[in-house]
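The following pair of complexes shares a single chain, chain A, combined with chain B in the former and chain C in the latter.
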Partner chain A sequence: MIDQVAVDMTHGGGGRAMADLISDLFIRHLGNPILARGDDGAVVDTPGARLVLSTDGHVVAPLFFPGGDIGVLSVHGTINDLAMMGARPVYMTAGFVLEEGFPLADLDRIVGSMGKAARAAGVQVVSGDTKVVEKGKGDGVFITTTGLGAVPDGVAISAAHARPGHAILLSGTIGDHGVAILSKRENLGFETDILSDTAALHGLVAAMVAAVPDIAVLRDPTRGGLAAALNEIAAASRVGMVLDEAAIPIRPDVAAACELLGLDPLNTANEGKLIAICPAERSGRLLEAMRSHPLGRAAAIIGTVTEDPATIVQMETSFGGARVVDWMSGEQLPRIC
Partner chain B sequence: MRYISEFRDAALAHRLAKAIAAEARADREYHFMEFCGGHTHAIFRYGVQDLMPQNVQFVHGPGCPVCVLPVRRLDDAIELAECQDVILCTYGDMMRVPGTGRQSLIRAKAEGADIRMVYSTLDALKIARENPDREIVFFAIGFETTTPPTAVAIKQAEAEDLGNFSVFCNHVLTPPAIAHILDSPDFESGGPARVDGFLGPSHVSTVIGSKPYESTSCAYRKPVVIAGFEPLDVMQSVLMLVRQVNEDRAEVENEYTRVVRRDGNRKAQALMAEVLDVRESFEWRGLGDVPKSALRINDRHRAFDAENRFALTEKQSREVKSCECPAVLRGVKKPTECKLFGTVCTPDNPMGACMVSSEGACAAYWSYRRNRQAPASDAR
Partner chain C sequence: MIDQVAVDMTHGGGGRAMADLISDLFIRHLGNPILARGDDGAVVDTPGARLVLSTDGHVVAPLFFPGGDIGVLSVHGTINDLAMMGARPVYMTAGFVLEEGFPLADLDRIVGSMGKAARAAGVQVVSGDTKVVEKGKGDGVFITTTGLGAVPDGVAISAAHARPGHAILLSGTIGDHGVAILSKRENLGFETDILSDTAALHGLVAAMVAAVPDIAVLRDPTRGGLAAALNEIAAASRVGMVLDEAAIPIRPDVAAACELLGLDPLNTANEGKLIAICPAERSGRLLEAMRSHPLGRAAAIIGTVTEDPATIVQMETSFGGARVVDWMSGEQLPRIC
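Coming up: the complex of A and B.
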């Protein structure tokens, strides 16, 4: 519900404020049946092929962080949006907004990482655009990438396809990217070996689809973390979920950093992880396929889809109680005491 | 995770739950107020209420620093932020709290005010050094836990002669609030609320110690157990409270011995005394005016007092009508008894501070328990 006069930071946090902005403003003006599906990418049927299109804008502070930079993120982010539709990424375009005064050496490093990431993924960047804004009108560099991918026949993956009884799988540890970024924020510097998990997930997805072609849902839990992604799926599929806290993989140092900062790892960003939902009887085979891939070694079955018109995501805590897993309102903020 | 996971051990929790169920007498009820929002959230996040017998109930107290700040002071902070040349520095929790007309710091920021979220008072000092042509105001809120860092910042600004730094001081004190709650008609016998003992503050007590609660505990015949913020701390403290009630004792006991001493942190106390004075009276949301319950910057450091440096206007501040935050903060109502809860008031669209703060009781109910049609803790 938008009842205010200006965009504020909550509208970009990946929480419900952003979801409301999309549904109340963007969909109102731009809505069509494909956009209305609310998926990470749009599957468009063209003569002879099923294609997926997806676009992603990248703003990150700091531009360089442990394990990556904005360049590699802008390639992986869009590849992953395509991969979450079960697609094989083929082409990309990139738009740059540069701030006057931005060091060319830094730009060279960023675009260098983009090239390396794209080549590694077998994707060509085939078109681009550059704009420069006056000093103070931008934050160094913003990058928007758009990707085009092809979906194999028989694959029908969508956030709306989760059904009661389905199993929920996660490809690895949560919160690594969010904590790596926070550790380098100017006003919050702390010593850690935690690296961003940024990775292109299409290879993992290809192995998963080959093993279990009827995967119902794939989603990469980026901004807003696991909690936001699961709530989005629950809302799109009109189902509930029950998670097992003890089964959710998390690195001890990430858990410790989140404790210290008063953050919930369930709300913390990832850039190289995915959630998969599939029929329960195929969950064992899917888990095996994930664990056989380098990006899914720590994969786990973390819960079950349930029937629940209220679309609530619940969790049985390791402590022996039960609670709701909510998505955040706006940005996750460290608490006072 | 060492030194954390030990305090969240499920097997130990079940042993403690059994002990509490065995010792809580079936013929009576136990109503314990957890003063701190940190406890409220531990109780909900880990599902501690589910492990309690029916007759042991938690009453949520006012110990959420964001929640008890009256709307008028928040309106003042927004006015300061909108002053020419001012950079207002604030802890993140304050950003989304609605003031009069549902204006908030985050909206004022979107509309052009220069508001910076800081993690520590040292960040605010850094901003002051880097912006000598601007006025930097630190929006200081919180209980005794966050007060020593404010005192340090003022001393540091004085040492560096940082003339463009000032503090809008809203620090409040815990022991007077506990006494005030026990004095209120709500908690008289036959009143709408009842409390048989307190889970005492964790981090606040690291600073002030356990001693300041002794006179209140004794005068009002209410047991106090200083409790850590981990779920096993909460359960162990409940067991200690049940025993005190059963044995008709009213003492201050300390469960959180790994951090809290009877005398607290004397260095921190000395710092606070050097820079801050006790106010005659201060308004708390929910509790009203509470005598000697807050701190102001003393005359010697007057130059760093934003209330002295800026002429704040008189305001017609008001809360959102029918928001029950005040009754929730007094422990008289549960969040679910508020008409607005979960309908018009949610964390995305908060009408009161208790729904915003990560330590607010309404946010805890909404985020962790809204799937329960009739939470056990509501059976009163």
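Coming up: the complex of A and C.
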């Protein structure tokens, strides 16, 4: 039984304190028959012939932020990595690195968020691990989640599949997550209602794949924002891109906050948005499917894939000029996810 | 291209520095066609109808120790968790939390160890993630690995499957890893040649399952040592155990070091040993199969499962008495793995 208020080194020692933490806190929030077996690994039925494995570490600071916390982020992040491969997320594992002295009430709240997010997404957390490091050797809690999903037959989505002439779509406004985090981190003296957009995107993706089965590329623009994600796709597919700045959705308050913080919204992180690339003739149908889903109401066609061996992403600006959209031109945003 | 000597915050920012680190260092050591695709997740073929998923965080201090490093440990640890379910390890993911200022040469050495260990075991690292935290918010590098394996038909190994009358076997000497780590951590003033026993146990397990398909339980006694692992099994199976102290293999120098350090070898960590429990009438055959494998040469039958609703693990001592073997009676050993 947990009768302490903070993590101490015994919680990582492999003894009874760790066993109690697992049974009292982790199993309570994340429990399912597979996790409850208490084995070193989780035996699961294969969810399909083609599987997707994806892993993601989470070190966001602060741990609690407007619109979410590290727990919900760690579940959504891994679900989204699976969804970006066109996969249905099925199982998840979670590894925790806890800092000595971290309040157990905060851990309880975080793991509670994870359980809620996993249940909402229909994903089971089937295996986990807990390690504890001395005070000053960590930062509260780091969470590494790994997801296993199944790819339906006929779906072949990859960053390498963009082709000249394809349309580039974006599911909604950019920069919300990055600004929500920074608004709590710095003493910036601005009041804002901006919330992280953290969301599980697999439902949106399922609706999109049903409407347009030959979607070429899906990618969630997280760390590094839209600019990094588009450059990654351009490099993997050996293509260029031309974006239309006026078509890229952004909330006015996010735009204003970015201005204030000296950030480029194109480099600012998102946790509930996706980029989709598909044959131009199907872009209208895909846009309609996206706008019909609650997480794609503000979707837009934002550009076109071009032939360009130099794999440059360009943007036609709202003022009529053009500029190169590079990976990261503004300030670095550490620990955004 | 990496032209720096230490990790800095840009390596975690999602920009070009991170992309370069991944392509120059991680792909070089861990590369395979699946990882090289550079997608958010890895599409893999299903290796079987019944899968095992297991995750393990690694925070060992020091990062380099006699007989291994955190990299090799992170690969062996997850392979062994899969093997303890009777599974053949096939795929692995790796998530890194790097501390700003960590020498890239050390990271290179660690990821090199991972690549070598994975290749030796026939396991592919198919997906990864890198995060960077500020100096003083981490401790060099933490690695969370997750493994996916396939369980052969007919194999049903679980900590809950021990039954009264079953024999308890151990694959070799205990305490080597814990003593090897501590010999480098404390200024203890003793010279020792003791190496960590870190090893991938899936080959040994395959030989054991081939000889005795109805093995009931497998468990690697890592954190918390033999005592914690046996107590976990006893609790999961609702049984007791009686051990024979004289039958438990231990190197004389490890016994001497434990004496010096005030440790109980039963609580001291191992990274290349396993406990097996099977019907008594097959224990001779299982022992022979274990001793025929390089990682089981010192295997021994160390006790018997008993009927005991109180799930107590007892030991008949070499002096003719008996004592309870509890989870963790000695000092805690933080960050042993």
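Structural remarks
Heads up, the rule we're going with is that the second predicted complex is superposed on the first by the 276 of 337 C-alpha atoms of A that agree within 3 Å, B and C clash if a C-alpha of one lies under 4 Å from a C-alpha of the other, contacts with A are read in each partner's own complex, and residues count from 1 in each chain.
The definition used in the following text is that contacts are C-beta pairs under 8 Å (C-beta built on N, C-alpha and C of every residue); 3 or more make two chains touch, one makes a residue touch a chain.
The structure displayed is predicted, hence computed values, not measured ones.
In the superposed model, A:Val324 makes contact with chain B only, not with chain C. Of the two partner chains placed by superposition, only chain C is touched by A:Phe96; chain B is not. Within the superposed three-chain model, A:Thr10 lies in touch with chain B and with chain C [touch as defined at top]. Once chain A of one complex is fitted onto chain A of the other, the partner contacts of A:Phe142 are limited to chain C, with no touch recorded for chain B. Once chain A of one complex is fitted onto chain A of the other, the partner contacts of A:Leu25 are absent, as it touches neither chain B nor chain C. Contact with neither chain B nor chain C is seen for A:Ala36 once the two complexes are overlaid on the shared chain.
With both structures placed on the common chain, the touch criterion links A:Ala210 to neither chain B nor chain C.
With both structures placed on the common chain, the touch criterion links A:Ala280 to neither chain B nor chain C. Counted by residues of chain A touched, the larger count belongs to C, out of chain B and chain C.
Shared contact residues of chain A with chain B and chain C: 9-10, 15-16, 328, 333-335. Those residues of chain B whose C-beta lies close enough to touch chain A in the complex are 1, 4, 8, 10, 13-14, 38, 44-51, 65-66, 91-93, 95-96, 106-107, 109-111, 117-120, 123, 126, 141-143, 145-146, 203, 231, 346-350, 358-359, 366-371. Interface residues of chain C facing chain A in the complex, by the touch rule stated above, are 9-10, 12-16, 18-19, 37-46, 48-59, 80-82, 84-85, 87, 91, 93-97, 126-134, 136-139, 142, 144, 146-149, 151, 158-160, 219-220, 222-225, 228, 232, 236, 267, 269, 327-328, 332-336.
Chain A makes touch with chain B in their complex at residues 1, 3-10, 15-17, 20, 187-188, 252, 255-256, 259, 262, 310, 312, 314, 317-324, 326, 328-330, 333-337.
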